[in-house]
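Got a structure for you, questions after.
Going in written order, the chains are labelled A, B, C and D, and every chain counts its residues from 1.
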Amino acid sequence: MSRHLLRSVSIGVILALLIVACQPAAAPSGNQPSGQASDCKITFGAAVSLTGKTAKEGGYVKDGYELYKDEINKAGGFKVGDKQCLIDIKYYDDASDPDTSAQLTEKLVTEDKVDLLLGPYGTNPTFSASAVAEKYEIPMIEGGGAGVKIFDRGYKYIFGTLPAAPFYLRSVIDAVLAKDSSVKTVAILVENDGFSQEVATGAEEYAKEKGLEVVYKEQYPSNTQDVSSLITAVKAKNPDMILGAGHAADAILIMKGLKDQKVNAKAYAFSVGPTSPDFRKTLEKDADFVLGIGPWTEAMKFQGTDVFGTPQKFADMMRAKYGEENYKTVPYQAASAAAALLAYQKAIEAAGSTDPKAVREQLAQLDLQSFYGTIKFSPEGIIVKPMGVVQLNPDGKLYTVYPADAANGEFLYPAKAWDQR
Amino acid sequence: MSHNEIILTTERAGKTFGGLAAVSKVDLTLRRGDVIGLIGPNGAGKTTFVNIITGMLPISAGKVTYRGQDITGWPAYRVARLGIARTFQVVKPFRNMTVRENVAVGAMYGAGGARRSTREALRRADEVLEFVGLLDQRERHAEQLTLAWLKRLELAKALAMEPEVLFLDEVMAGLNPKEIEAAMDLVRQINQRGITLLIIEHVMKAIIGVCQNVFVLHYGQKLAEGRPEEVLRDPKVIEAYLGKKYAEQLEARDAEN
Amino acid sequence: MREALRQNRNVVIVGLIGLGIFALLPLFGLSGFAYRTLTSMFLLIVTAQGWNLIGGYTGYAAFGNVAFFGLGAYATGILMYRHGWSFLPTILVGGLVAAGYAALIGLPVLRLRGHYFAIATLGVAEATREIVAWWTPVTDGAAGISLPFLKPITLAQNFFYYLALGMVIFGAFLTWFIIRRKLGYSWIAIRADEDAAKMLGINTTVSKVIAYALTAFLVGIAGSVYAYYNSFIAPEEVFKIDRTLQAILAVVLGGAGTIAGPIAGGVLFQLVSTFLIFSKPFGIDLGQFHVTIMGIFIVLVIIFTPRGVIDLVTRSAREARRVHADQAGGRRSTWTFLKDGARATRLILAQNRQQFKI
Amino acid sequence: MSGILIGQSAINVLLLSGVLTIAALGFSIVWGVMNIINLVHGAAIMLGAYVTFIAFTFAGIDPFLTIPISMVLLFGLGYLIQRNIINYVMRAPMLTTFLLTFGLEIIIINLAQFFFKSDLRAITTGYSGSSLTLYADPAANSSIEVPYIKLGALIVALLLTLLTHLLMSRTRLGRAIRSTGMDKDAAQLTGARISTIYALTFAISAGLAGAAGSLIAMTQSFQPGFGGTYTLYAFVIVVLGGLGSVPAVFLGALAFSLITVLTGLWQPGLTQAAAFALLVIMLVVRPSGIAGKAFYQ
């Protein structure tokens, strides 16, 4: 009898577990604006990293989405046909893990039945999540993955609001050459991950094209804790310009190392780091003169008809919503995330529905002036957009210094030598 | 069974640990059917000597020959498959197996192992277990056995290998007199099956009771060899080995008074 | 261990029923998410079954198995992407490449024991990752490799689901097949006492290298399938240490050195970790604490059931059955049986907690 | 290779090895005495870094003066963790303790992420980044520099290493810890309370990790997840140097720094691969390390 019992208990347990696993454990919940009447609702799904390695940037992305959602809902939502639709976003935390990202995207599509997808943060999670989106032919606009390889797979439903990685550091080279044509040598320090490799290769090719000599280009391992020997090697090459392609922590480590060993270049630039608030906070005065890049800065002079209108307005609203302290400078990740939703708005309104195929067609031919500048995707789905160059000024602020028509501050060049600061 | 055939010899066998000689220049000859006692004070190098013959430890010097074949420096498993088995002073049962499975491993991989299937090995294990008197324990886990049973299990594992030479390393240590009697009986029976035995033992009664010859190691070197009664009367041996014990006994007696 | 299995025919029966359920589940309609969750779970189980051979049966705590996963994934990635192979043969190549690599590194590394073996394997895995990331001409470096995906969706879902499930069955069958044979005995003997195993005539080096290579084969084929399933591989993802640790956790959760252990543990691990991301118990959003709770879960499991859940359940059931049989006829009911079971479980948990205490 | 390059690289090796010694020391002691691979170690280093960060940012205490604070706090935390959690698995197989500490690490890191957020933090003092110029060749625009803050960290690290060495070799506590490491049952006979000894050993290890965290906080930016890399480094260092003594850890750290710096000059993409390759070779060829012994002394 007991054997029989054990058997039935076990079956029961397995079934129960399966039901738990396969059914939505809880009704989808989002912050629905209560009491507001609306004709319909559009739900977006996003698996972003709120914990793990890229929790910080994932947070920027989520904040950008949320700000846009709040503002557009205040303004009455999307106009679909003759209906006004409020929007809602369902989030999951992918813990910065690509496998989880794919799993969650699959859940958003097949169980939560979201209408359209927003991207995660990070090139690798974007790879996994976008494959799921493409599989189900649901559009995904992502503002957190710039690897060119995401877009050269022939996918049709993936759009990115960040310019392609190889373009990241090109504007820096342009900016410096515009100021000083006597610059001859460049050193490039590259983190050993896919995104940074693309950035570095793009920069190297462009530098050569412009007649510069790349005197140093080496990879360093992700999670590196010491770059002193790289700095020593760079110093021996005495380059005019030092470019870093990696993550914010590496950029900080490299700057500290350059100061330690008194390596004086005319310009320092990093693909990721200078635009993040942490960079200034951690390096303080040592961050002066460093160049960063961004597809968007709050100083840029774009004008759109969207809920934000201008970069400045977007930045102010970010600060109003999330606090001055947290967004001293507003990182472009937040703006590119908001731009993703904006692109959806225009595409849905043009399509008159949220039908994935119709929205996809509209996205492909989108050409929109906005607070984020021109939003227009290449045939591969990646935004075509020049990068702005920013500089951390000794007065403590971040100014856009290139291109000239977007500049709101003077490009201080060359950077002061360490012992003259 | 011919008592003349030489089955195993060592010539000037030696082992050094970081410059210290644990065993040096030991010559030993085992003839088929022998029961030799290997005795000596603690630390005399008895177990090390067995270890270098069986390939447990790499030999440092000298030569080991088994049935005319030079097996110096052979790895332990090859020596074992040739037909040389041993037990361990500190018992080494496979705790996660049953008694029967423990013994079956010996039957699978020992001298006769290559031709045996798993099932045949298990059957062979039953035979051996019956012989050593452990058959009724065969389904128990090794970790549940008492020390006396574990010593028998060691023996059974070695016997299952169908060895021609068997080294017994203190199989009687820690047993009570009754258990020792039984164990001696078992050793005699094993010998009657034609297995050559080298027995390391501190229980002198057992040595005298079962061994034809005794071989004494002291500081890693041969001190004496011969019939038990003679060797044990040898002053050199008494001084090196028994002398210490007598001294302890005297000391104990003094303390009592 | 082997005998524990024999005594508990129940485990086998439950396993077969579970297998039946999993085999039939797609017929009742699964969401894409359920497909993915279960397919990933099967792949986790296969990597766990792989680890179980070297870590569970042979007793060598390998911490670098992710190297085999990554090599399997890259074999498939490179063959499909560069050489236009079709998918299925690449699985075999992935498994064999991993097995060959394991044999190669196993020869020196398997001479080490305990912590040293663990660290050496970890080191090998890390070094392998870095080399794959660095060797751009062959591997496309850190940027990774993208693969096309199988269409249409339903075909792909069922294909990967049943392929992965089939691999679980293969893993279980392989384990079962070997442990009843001499090789299996040699592994269990090595785990218990390697010196004693040698003295019984076991060529421990060969046994261990075979165990390691078979481990690598299973982990490697899981990696191969992962590559095509996920359609993207990059060194930092497929060589992530977490994959090894998850597999080990799955084995320990279920019970190391048993056939059912990795399966039960894999199911439990995947369900708990998936559940934690979505569930809102009593309306509380676990939010970013889901990873923390996973950590607490691991700590509790390790302290309370170091031999795994199967051991806990079977021992509780045995104990309850014993108590149950002693009781007078009137009180024998399902309810009292369950109550006895719960009490037995509590007792065993308390014992386990004290078991390794100083 | 120019003289300046060699000189600067030698300085780099020395400076790096100091901090790494402290980072690996506690790990080595716990491993040697308790036979545990302690994955919580990196998390303890991380907590030490945050103690220094908080004390510096909110109380304005000089980072070097925060070292005792983080050592004391982490000592206490280590004691509690051993007493209440790790003590339950002291006799368990290695895998059990490994996974247990893995679970603990997850918990600590994620709680830290909740409390401290995943913002990058760093400590920038008035003297950060200033350095002592040992030799300069203005013509070639090159020089050999010794950053003061790293020099300070090296001195503190050497001092702590020496103190730990004295603690382990000269004091009663050290003797009790060592004898427990050699043979816990024999140590029990001598009257030492094993559970207390273990708790103290773990606490000392955590305290050293705290000091390492404080030192690391001064030289680089950090966020809650950064400690894991140091656990990995500690592994390699302990194996290279050999288990069993304080000076061995220093030798291991020196060897590790040498490999890191040399590969960093030639082929920085392979620094970790080189370190791990050496680790595996070392394990196979000489498992006891450069200066290893069987037990702690």
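Everything that follows uses one rule, which is that a contact is a pair of C-beta atoms (placed from the backbone, for glycine too) under 8 Å apart; a residue touches a chain by one contact, two chains touch by 3 or more.
Just so it is clear, the structure is predicted and the values come from calculations on it, not from any experiment.
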Starting at chain B, fewest touch steps before arriving at chain D: 2
Most remote chain, CA-based centroid, reference being chain A: B
Centre-of-Cα separation between chain D and chain A, whole angstrom: 35
Whole-Å gap separating chain A and chain B, where each centre is the average of the chain's CA atoms: 73
Chain centre separation in whole Å, for chain D relative to chain C (CA means): 32
Chain C residues counted as touching two or more neighbouring chains: 130, 133-134, 288, 291
Touching two or more other chains - residue numbers and ranges from chain B: none
Shared-contact residues (touching 2 or more other chains) in chain D: 110, 113, 269, 272
Listing of all chain pairs that touch each other, if any do: A-C, A-D, B-C, C-D
Complex interface listing, chain C residues touching chain A: 10, 13-14, 17-18, 21, 25, 30-38, 40, 130, 133-134, 141-144, 146, 148-149, 151, 153, 156, 230-232, 234, 236-237, 242, 267, 270-271, 274-275, 277-280, 287-288, 290-291, 317, 320-321, 324, 334, 337
Interfacial residue positions of chain A with respect to chain C in the complex: 2-3, 5-7, 10-11, 14-15, 17-18, 20-22, 24-26, 29, 50-52, 55, 92-93, 95, 97-100, 102-104, 106-107, 109-111, 124, 127-128, 131-132, 134-136, 147, 149, 153, 192-194, 196-198, 219, 221-222
Residues of chain A touching chain D in the complex: 51-53, 55-56, 59, 192, 218-221, 223-230, 232-233, 235-236, 238, 248-249, 252-253, 256, 259-262, 264, 276, 278-279, 281-286, 418
Footprint of chain A on chain D - complex, ascending: 2, 4-5, 8-9, 12, 15-16, 110, 113, 117-122, 124, 128-129, 131, 133, 140-143, 145, 147, 150, 216, 219-223, 225-226, 228-230, 233, 260-262, 264-265, 267-269, 271-272
Of all residues in chain C, those that touch chain D in their complex: 55, 61, 105, 108-109, 111-112, 114-116, 118-120, 122-124, 126-127, 130-131, 133-134, 245, 248-249, 252, 256, 288-289, 291-292, 294-299, 302-303, 306, 353-358
